[in-house]
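Multiple structures follow.
In the two assemblies presented below, chain A is common to both, partnered first by chain B and then by chain C.
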Partner chain A sequence: MHSTYNRISTILSHASTALMVLLGLVAATSYLTLPSAEPGTVDVKTVQVYQERYRPNEVAWVRFDLDADLRSLWTWNTKQVFAYLVVDYHDAPNSTLSANEPGADGAIVEGRKAENSIVAWDRIIRRQRDGRLRIEGGRNKYPLKAVGKKFFGAEPFRARLMYNVQPWVGLLTYGEAGATKNVLEWPKAQSAMQ
Partner chain B sequence: MDSLKQLRKMGVRQILLQALTFGSVLASGLMMWKALGLVCNTESPIVVVLSGSMEPAFKRGDLLFLTNFPNEKFEVGDITVYKLPHQGIPIVHRVIEAHDDSTVLDQFLLTKGDNNPEDDKSLYGSRMKGLKRSNVIGRVKGFLPYVGYVTIVLNDFPQLKYALLGGLGLLALIQKE
Partner chain C sequence: MDILNNVQRSVQRVIEGKIDFTAQKHAETATYAILSLTTVLSFLAGYIAQDLRFSLAVFGISLLALLLALVPPWPYLNAHPVPWRAPVPTSTSASPSSKTD
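== the complex of A and B ==
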């Protein structure tokens, strides 16, 4: 009954249960006392659209200013914050799909109304003191490619700064830390890209 | 030798009873796994991170908890676990492009590992231009570090796995209440 094996297994199971309960409590309390970031400013300065060479698609490059303070997101259960700038736009009413159209099985019809979100820029922030974002004249890390052939004629777009808080243990949370105030238009494409 | 003697003393009925207990433990584990899968609406509600492509967010051996509710759209910034038709291993990467289509109620997603310099277009292959909802197993909702490393070690050293399984089975058979 009270063999060494019994004692060890009881201690181990008790310890692991206690640890799991503790981790659950940590996850729950940090989720309930979740901090949020104060809204910052996002400003898209310039938008340039280029026609891709040898392809019918357009690619856009933006210059933006970011000013946001994400330092309030750090608690004792914050491992990292992933900050990213999202560009949201609708397709042009009569745009046809080309590049991202799937092969035979995609039943996307012409004249659709699609919503698109593309991450233009991101940054992994691992320390609280790096959480102060102040970027002037930043350029998108990833090219913004039109899903239809063209941006021009598409509806105005907006950009927003989002963040994803990654805890040491627990639930992943998301939030917004600013968006563009003015409505932005896609310009006409310039002929050749780069 | 001692344990063998003990085994002989127990008799057939006792051994069968122990085997039954062992089986019911296994079965209830499987039941809980499947029930969790039903609640979270995904084929595997818990996955172990196998690669470092999402570092520093997720390291090898971290446990991820997934959900895949049909009425929730995937958004950029979400971390998804997806499986490609020509590849058996699930991949954990972040969505960096989401294109919704209201006419067919599907989405086209482009993913990228935080730690990778390039997006996953080359992973998808030439035939797939983007992920569809049906490729995605779920989105990461919860995170538990290190715990999954046990399974990685057991997979890397299969002998250890068999030794552990055998040992556990034997203990369950021999042990008296």
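== the complex of A and C ==
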């Protein structure tokens, strides 16, 4: 501490440690006092499955209603919230995926049903006042491609509204803010209009 | 040239910023104490205000204040100069060569 340079160096180096401790405290408290969203409602109105010519995988389009309030997720350490709608289903046991390959002794092994989660729609919510989601007749942003080539025959699906809280400092956290009340059946594919 | 030399010397003295031994000890203790206290206070302030930016502002302003208080060689940091022993008069000290500074 005898010279100017020495004092600047000592103060700033201790300050950087103190800043890290401060940010660690912020991250720890916001992780321990993590808010959760009240479950909203998710309704899938219609499902249409198309088989496009020369494309191996079926593609599904859904229309859905969303009503959820994510405003409670904002705290002093919330930067933005990523909300996304996930469609979950199990593949049919004899789908074209490799679940049904012959075992070591040549016998057909009872296939495990591949579990799929496809993101159908998402939204980045930057401000708390935009956290009230009310969507009627929304359409999926991304086409739902059948992982096992076909939806028909796969197990019924459900849709879940998930969120991902992105803090200023700290850990990413995930949560669920609603799901469809009952499972829905996949319809047979129509051939797509060219 | 004499004026220039004087200016250069005083500028150098301010930049180098030597402070006395007591102040050095106190400055170090103050740095650790104030920065630790600042961390806790800025966390509490931000938590109560529910505003992370406010928390960081409290921390930054405290840091700037600490730098301003301790870095320049203020007169209060030189309030305890080391007492030097009075010069011992000898016969050689009266020679003219040692008088030129």
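Miscellaneous remarks
Quick note on the criterion: the second predicted complex is superposed on the first by the 175 of 194 C-alpha atoms of A that agree within 3 Å, B and C clash if a C-alpha of one lies under 4 Å from a C-alpha of the other, contacts with A are read in each partner's own complex, and residues count from 1 in each chain.
To be clear about the criterion, contacts are C-beta pairs under 8 Å (C-beta built on N, C-alpha and C of every residue); 3 or more make two chains touch, one makes a residue touch a chain.
This structure is a prediction, so every number in the text was calculated from the model and none was measured.
In the superposition on chain A, contact of A:Thr29 is made with chain C only, not with chain B. In the superposition on chain A, A:Tyr84 contacts chain B only, with no contact to chain C. Residue contacts after overlaying the shared chain place A:Tyr50 against neither chain B nor chain C. Contacts of A:Trp61 after superposition: neither chain B nor chain C is touched. Contact with neither chain B nor chain C is seen for A:Phe152 once the two complexes are overlaid on the shared chain.
Counted by residues of chain A touched, the larger count belongs to B, out of chain B and chain C.
In the superposed model, A:Arg7 lies in contact with chain C only, and not with chain B.
When both complexes are overlaid on chain A, the residue A:Trp168 reaches chain B and chain C alike. Within the superposed three-chain model, A:Ile118 lies in touch with chain B and out of touch with chain C [touch as defined at top].
Residues 168-169 of chain A are contacted both by chain B in one complex and by chain C in the other. Within the complex, the chain A residues that touch chain B are 5, 23, 27, 79-80, 82, 84, 86, 99-103, 106-109, 112-119, 122, 124, 126, 142, 147, 162, 164, 166-172, 174. Of all residues in chain B, those touching chain A in their complex are 56-57, 75-77, 79, 94, 96-104, 108, 114, 119, 127-130, 132, 140-145, 171, 175.
The part of chain A that touches chain C in the complex is made up of residues 1-4, 7-8, 10-11, 14-15, 18-19, 21-22, 25-26, 29, 75-77, 168-169.
The residues of chain C lying in touch with chain A in their complex are 15-19, 23-25, 27-28, 31-32, 35-36, 38-39, 42-43, 46-47, 49-52, 55, 59, 63, 66-67, 70-73.
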